[in-house]
Amino acid sequence: MTVTTAGPDPVPDRAAGEPAVVVESVSRRFVRRRGPFRPARVVDALDGVSLTVPRGARFGIVGESGSGKTTLMKIIAGLDAPTSGRVTVAGTDVTGRSGRQLDDLRRRLQVVFQDPMGSLDPRMRIGQIVAEPLQAQGRPGVREAVDRALRQVGLDPAIAGRYPHQFSGGQRQRISIARAVAPDPEILIADEAVSALDVTVRATILELLETIAAERSLTLIFVSHDLSVIRRVCDRVAVLRAGHLVEAGPTEQVWSHPQDAYTRGLLAAVPTLDRALAAARQRAGGAGGTGVAGVAGGTAPGRAGVAAGEPAGAPARQRAGGDPGAGSGS
Amino acid sequence: GTSSSSSSSSSSASSSSAGAGGSSAGGATSGSSGGSGSSGTSSAAPVSDASLSIGFILEPTSLDFTQADGAAIPQVMLTNVYETLVKLDQKGDIVPSLAEKYDVSADRKTYTFTLRSGVKFSNGTPMTADDVKFSFDRVTTAWKPAIKAEMGVVASTTVVSPTVVEVTLKQPSNSWLFDITGRVGAVFSKTGVADLATKPIGTGPYVFQTWNRGDSIVLQRNDAYWGQKPDVKTVTFKYFKDPSAMNSALLTGGIQVVSTEQTPETLGQFKDTSKYQIVQGATDGEVMMTMNDGKAPLSDVRVRQAINYALDKQAILQGAWSGYGTVIGSHESPNDPWFVDLANKYPHDVAKAKELLAAAGQSNLTLNLTLPPVPYATAAAPIIVSQLQEAGITVKASDVTFPVWLDQVFGKADYDLTIINHVEPRDIATLWANPQYYTRYDNKEVQQLLAAGDAGTQEQYVADYKKAVGILADDAAAAWLWSFPNLMVADANVKGLPKNLVGEAFVLSDLSVA
Amino acid sequence: MAEPVSTATGPAVSPEPAQAAVAPLPAAERRRPGALLVTGGTIVALVVVVAVVSFFWTPWSTIYTDVLHWHAGPGTAGHLLGTDIRGRDVASLLMAGAQTTLYVGLLAVGIAAVVGTPLGILAGMTSRRWTEVILRITDLWLAFPALLLALTFATIWKSSLTSAMIAIGVATIPSFIRVVRSGTVVVMSSDYVQAARVAGRRGPAIAVRHVLPNVMGLVIVQVSVAYAIAILAEAALSYLGLGAGPTTPSWGRMLFENSSLLQAGYPVVLLWPGLAVALAVLGFNLLGDGLRDRLDPRLVGR
Amino acid sequence: MSRPVGPARNGAAEADGPVLQVSGLRIGTRRTELVHGVDLRMGRRERVGIIGASGSGKTLTCMAIAGLLPPELVVTGSVRLAGVDRDLVGAPERLMTGVRGRRIGMVFQEPMTALNPTMTIRRQVAEVLLRHRTVPRSAARRVVLDLLASTGLPEPDRIARSYPHQLSGGQRQRVVLAIALANEPQLLICDEPTTALDVTVQATVLDLILERSAAVDAAVLFISHDLAVVATVCDRILVMQDGHVVEQGATVDVLAHPEHPYTRQLLADADLSVPAGEAS
Amino acid sequence: MAWQIVRRLLIFVGSVLVASLAVFWLLSGIGDPARVQLGTGATEEGVRQLREQMGLNRPFFTRYLEWLGGTLHGDFGSSYISHAAIGPQLADRLSVTLWLVLGAMVLSVVVALPLGMLAALWHRRWAGTLISGITQLGVAVPAFLVGILLIALFAVRLGWLPSGSYVVPAQDPGGFLEHMILPWLSLGLVQAAVLTRYVRTAVLDQMGQDYLRTARAKGLTPWQALLRHGLRNAAIPVLTVLGVQLVTILVGAVVVEQVFVIPGIGQWLVDSVGNQDLLTVQAIVITLVAIALAVSFVVDVLYTLVDPRLRHG
């Protein structure tokens, strides 16, 4: 079951330019060789996935772990080639290209990798790491840009001289983000970019991304497990499962009327603070009470009111300033 | 033929007749006083089962010296596996072997050899005059190595009877009789030359047993030998690339004899005479610094003399070879019958050297010294360079590989100086009578003397050669350094080791283990 | 774009905690060279100094042979460290030998490293087909005996130290290729190389900025090992008639020439060149290890 | 330190003494102190959460408890674990190896690099069992599959035969959890164990942590940025900022009635449906 | 799989062709086999004749193709010098050298792995520096000196072991071991020194990795963690070096073969090159090429065994 957004009804508001990313029935098959003398085993990480990311969209991808999100990101970024299918970024086909042919793509697109430590060269200082895309693209004012990017993600530019292993997980992730935003990309792919951040920093980073997106019509492709983050940030969302696209559409629509059972399951499983608190209170209050979390908290004193709303809550307020979420058929 | 007007020596003549009686007995039990003509073989006691391992440096490339050259093959095979009609004794005299006796015609062109009867090849066939003729003829027709030229002087070989063979020379030659004590004189079986490289068949006291290439050759006593059977039953020729490995092998009992000591400075470790003996004698080799006599400035005799004066040969011998050997002044070995001591012809005299150089207009001389990769050359070179430097001659020493040395120096004479040991016995004519030789020495008088001496009587032979040797020294045709010593180390209980290395073979039949 | 963000950031994230905890390390700590580096550097510097001095002065002429004192002990007749088996002054030979040692290292190891490292990186980065081509050539090359190369070069240029060292250098190239390639393959499979791709770096830049620093440790070890081997190979080749002449002072050659003195009971003559080789190799290796550790930020300061 | 550790509400845990007693824990490099004196007391079955700013020292604290700090960091103070009659700070390596993986299980923050790329999952999980001989070699294979299955991994058999690079981040994280839980430790330290997991799997994993820790009477030290998750799991919460514990107390108290401004800020920012700036 | 084998075979044939052509060309430019064979007793005439007989006057490619034809029939021909068939000798010598080299490699691995890891583990302690230092000295000591010293001590002084020579293992296994111990030591220790350096580096490269921390969290000691996890990941460079060493030592063993009087292939190569024995050199080089290719194949396979990431999808 493949649901495409590049289907019958084009996005009305964005007719102006071609979509930022078009993925056409992309499949990626991994052949796992198990030693030279044993038959290979096949894993279909992606299987006929099609989707369209309009220019300026904030596109979320959710899905269970192992569903192929990272694989899809790598293919869009030209880091991996699909076994079949086609990926078009800003009008140019990126599948099966390499080196010089991808220069243009590199100028437009940046990636925040899922694994911050692994994506930071252990022998490079932070300053060099963040400066790398700027230098590679021959941008002027590298130093200032690096300082600014570090500051934007809440790090002191003075740490530029240190090495990745001297940082905490969240700090590394922020370095990774700083590297991606420093060159002002048109398209930003963020693969679990905020998973290791505390809520405060996360809020800042999300705000940063939103601001950039609003100001320079950045196309954001945001991969996350955290549905509340997706909901906050993205205007459209696609749901992946086991390499298949099970559902896609405007975020609120998916939220309020999930079509697929899997999506419904996902939404139901989102933990919320007040529910959790209620449960905790019950555990604490009822001496020796069973630690079973109730479904919804009754009264939530104190700050509970500020906690995340229900799954089918009102449209996010912050979107008012940005482009209105486009409707989509499904 | 008449009786020998001048056989090689009187002693050999007498010994040959004595041998006749012995050989007819030819039996297995009492082969005493056989024609071996050497001492130490008198014991008639039953032969022992002893075995002996002897260390050598150069391994043969083949067992077949009719096809491949190199001193290592005859070292193993000659006299031990193959025998010759006549052979050399320790003094360098020619004595009968497979021939009971020989007679020389008055014009000294025809040699009549009377063969010993009852001699059998190791393939069981008896040795006859036919085999001798077959072998001698085969040298010029089927042999490959250049040494076959030694048979070039033979006009014909005739079988007179199964035990008598007659060789007629084109012109008289003293060296021919000497030469057939070597490889070219080896007697092969007519029916046994099909596979000389792997199945050598001879009449000698030993038969070939195995060859582990790169390691060792084993000879086994020939129990059907016609003469005195050797004491040692199994002899292993063990090959060592590394001289110190050979020494270690002796120290640890891996071998019992070091046939040639290449690191004389290490002899100190064998001081203990209750365990080891050091045998020191002479070989036929002359270590010399050859000069390119055909090329300026070395074509100037004064320059060559200056070089000779500049060298302190005793010091060189001391430094390079720990003093073992004898300083020589011309092309001669103490083994040669014409040996005269010319060691002090050019005493070490730097002033004289400079003077001669100045006279030759060569006060600022630079020469190249091209060195083959042999231990004595690399050992002597630094000292020579240093000494020549003191006389104002700058020497640029460079190493070359042996093929390159053969090609450039030996083949094309593209060199100034080089150091080499000419090991072939009685090779004076080869080096100095041929202007095309790499020494490029061209002296009519020397050529004449050497030719005349060869063709003349024994006395004339010695006299003419002595004269030639003197002229070579006067001319400073080369800088002769030392006569290469025969340096052996062995377990104290090994008896019968030859003091001097005479001829090409390492003779085993005299060895015994106490 | 900075303004609205930074104002928004200001109250939300206080940079102070990060700042306080992530204070930059003082330059002094980062720069402090390790003991390895200091020791190695000192030894190498010593060798260099000795080599330079020997151009102008040695206690004795290196070709002078003292015919009265063969393999004499230290202090004999004005020979500080004694004489060798040919009566030459050991101290002078050692000094002049330092030149050869440095030359050997620069030439042989230089050739191998300068040619082999890029090729190895290339073999680890290019498409599989090219990798295959490079590797198979490497195998062939590896199997090709250095001796034959040395022979050929000696014929082309006449035997000399240079020809021998070029041969050794050329023969050492394939081992660099193989070792460097194996390191490159691992680096290339890492996420940070992908990140660099995304950053817009192309192959050559990735090779220089990411692969090279990360395989440098291997290269350094390879260099230091190749260096030791080259010193000894120089001696071995010259003994086969393929190297410098017998009057070119070289430590390796001293070892070979005097090796029989071990049996002769004068091991001390062997001790000096042995020590010299060992010291130089040690120096270069310590320097290499020191550099290697320096290049690994995870080890700095431990 | 606003809220003293009053008489705990879950007194049961206190009855048989604390599982873990950390006092005055300080961590620093040779020139800067990174963690300034953490005190922590955990009873049996107690689940304590640490929340706080990125870089505030949460990971370092956990590492210090397990004695796994990188050698360039220096630690002082005291860490005592029930059943071990020695202070873990400065304890000999021999002692610590017996403790780690057996009494203390750990789940690390970054699943991508936490597994050995050259070994199959099966071997890596089995290793912790065999190392402490809690399971006979013959049974290890089956136990590994059970463990993997219990973490909600689909096709445990395939996963067991895979290498880490063949798994997604979430799959790896669950493997790490399986390793941590394998020997039924007294104390389970989870450093952001669910950040790489999608919500459904996260729920499974959290259930797993709750269920398994309860089953073996393990105390849980739990770090997360997701307050809801922390609230789900933990009885008590510590709030860290800049190397200090700025607030601690029962989950409900801290999250419902935060006292320290930083905690308030955290709670404010946790709600994503309202932009941080407008909410406060 | 079948294609893999065919491909390897093609590569092999191609490599052999290239190598043989190179050897042919190199050696033909260096000297004259005829002259070498005749030695210092040679006359110009004799040399000319012999060249004729040996067929050396024919054009380069004719000779090359003739050789190729022979080799294709599985016949390496007979030596120019000894006239003995090369094939059987090659087999003998190769087996001798392989014993020597393999034994030395095993020894070096057994010594180098623990030492290298210790040096890495203790890289800031004096003990680690000491190990580094000693191994560096080991690299600097020529194998022949080690050999001579070992002989002087164990064979000459103590008389425990023979000073050299080779015993065929099938005939006398005990004697074989006895004779090989010292050669293995002198070759193996030097190689071990080299290998230790690589192990140290490779292990150090792994030391900062997170998975080692995981391993320790499981209760492994640092030593065990390194042994079971670090080493495996360090294996790629170490394997590479082993492969390279295995090939280069085959020839490099010449000195040890000399000192211990072992009739191996290295010694033979040197002799044959010295004798301009083209066909023999040819045969040896081709054997080496075959071994190099085989070793690199094995190493490639081992790579994928130790590091599954290299199994390309």
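Quick notes
A, B, C, D and E are the chain letters, set down in written order, and residue numbers restart from 1 in every chain.
The criterion applied here is as follows: contacts are C-beta pairs under 8 Å (C-beta built on N, C-alpha and C of every residue); 3 or more make two chains touch, one makes a residue touch a chain.
In UniProt terms, the chains line up like this: A, D = ABC transporter domain-containing protein; C = Peptide ABC transporter permease; E = Peptide ABC transporter.
Since the model is a prediction, treat every value here as computed from it, not as a measurement.
Common neighbours of chain C and chain D, by the contact definition above: A, E.
Distance from per-chain Cα centroids to the pooled protein Cα centroid is smallest for E. Chain A and chain B have Cα centroids lying 92 Å from one another.
Averaged Cα coordinates give chain A a centre that lies 54 Å from the centre of chain E (Peptide ABC transporter). Between chain C and chain E (Peptide ABC transporter), the centres computed from C-alpha atoms are 22 Å apart.
If you average the Cα atoms of chain A and of chain D, the two centres end up 26 Å apart. Chain contacts: chain D has residues 53-56, 70, 110, 112-113, 166, 265, 269, 276-277 touching two or more partner chains.
Contact of a single residue of chain C with at least two other chains is seen at positions 8, 12, 18, 22-23, 25, 151, 155, 191, 240, 259, 262-263, 296, 298, 302.
With touch defined as above, residues shared between interfaces to two or more other chains in chain B number as follows: 244, 248, 401-402, 404.
The touching residues of chain A, when paired with chain D in their complex, are 30, 32, 34, 43, 62-67, 70, 114-118, 165, 167-171, 173-174, 192, 195-204, 206-207, 225-229, 231-232, 265-266, 269-273, 275-277, 279-281, 283-284, 288, 291, 293, 300-304, 306-309, 313, 316-318.
Across the complex, chain D meets chain E (Peptide ABC transporter) through its residues 66, 68, 93-94, 97-102, 104-106, 108, 110, 113-119, 127-128, 131-132, 163, 165-166, 176, 179-180. Residues 61, 63-65, 67, 70-71, 85-88, 151, 154-155, 158-160, 238-247, 257, 259-265 of chain C are the ones that touch chain B when the two sit in their complex. Residues 11, 14-15, 18-19, 22-23, 26-27, 29-30, 123-124, 129, 132-133, 136-137, 139-142, 144-145, 148-149, 152, 194, 197-198, 200-202, 204-205, 207-208, 236-237, 239-241, 243-244, 247-248, 251, 255, 269-270, 273-274, 281, 284-285, 288-289, 291-293, 296, 303, 307, 309-310, 312 of chain E (Peptide ABC transporter) are the ones touching chain C in the complex. On chain C, the positions that touch chain E (Peptide ABC transporter) within their shared complex are 35-36, 128, 135-136, 138-140, 142-148, 151-152, 155, 174-175, 178-179, 181-183, 185-186, 189, 217-218, 220-221, 224-225, 228-229, 231-232, 235-236, 240, 252, 255-256, 259, 262-263, 270, 274, 277-278, 280-282, 285-286, 289, 292-293, 296, 298-299, 302.
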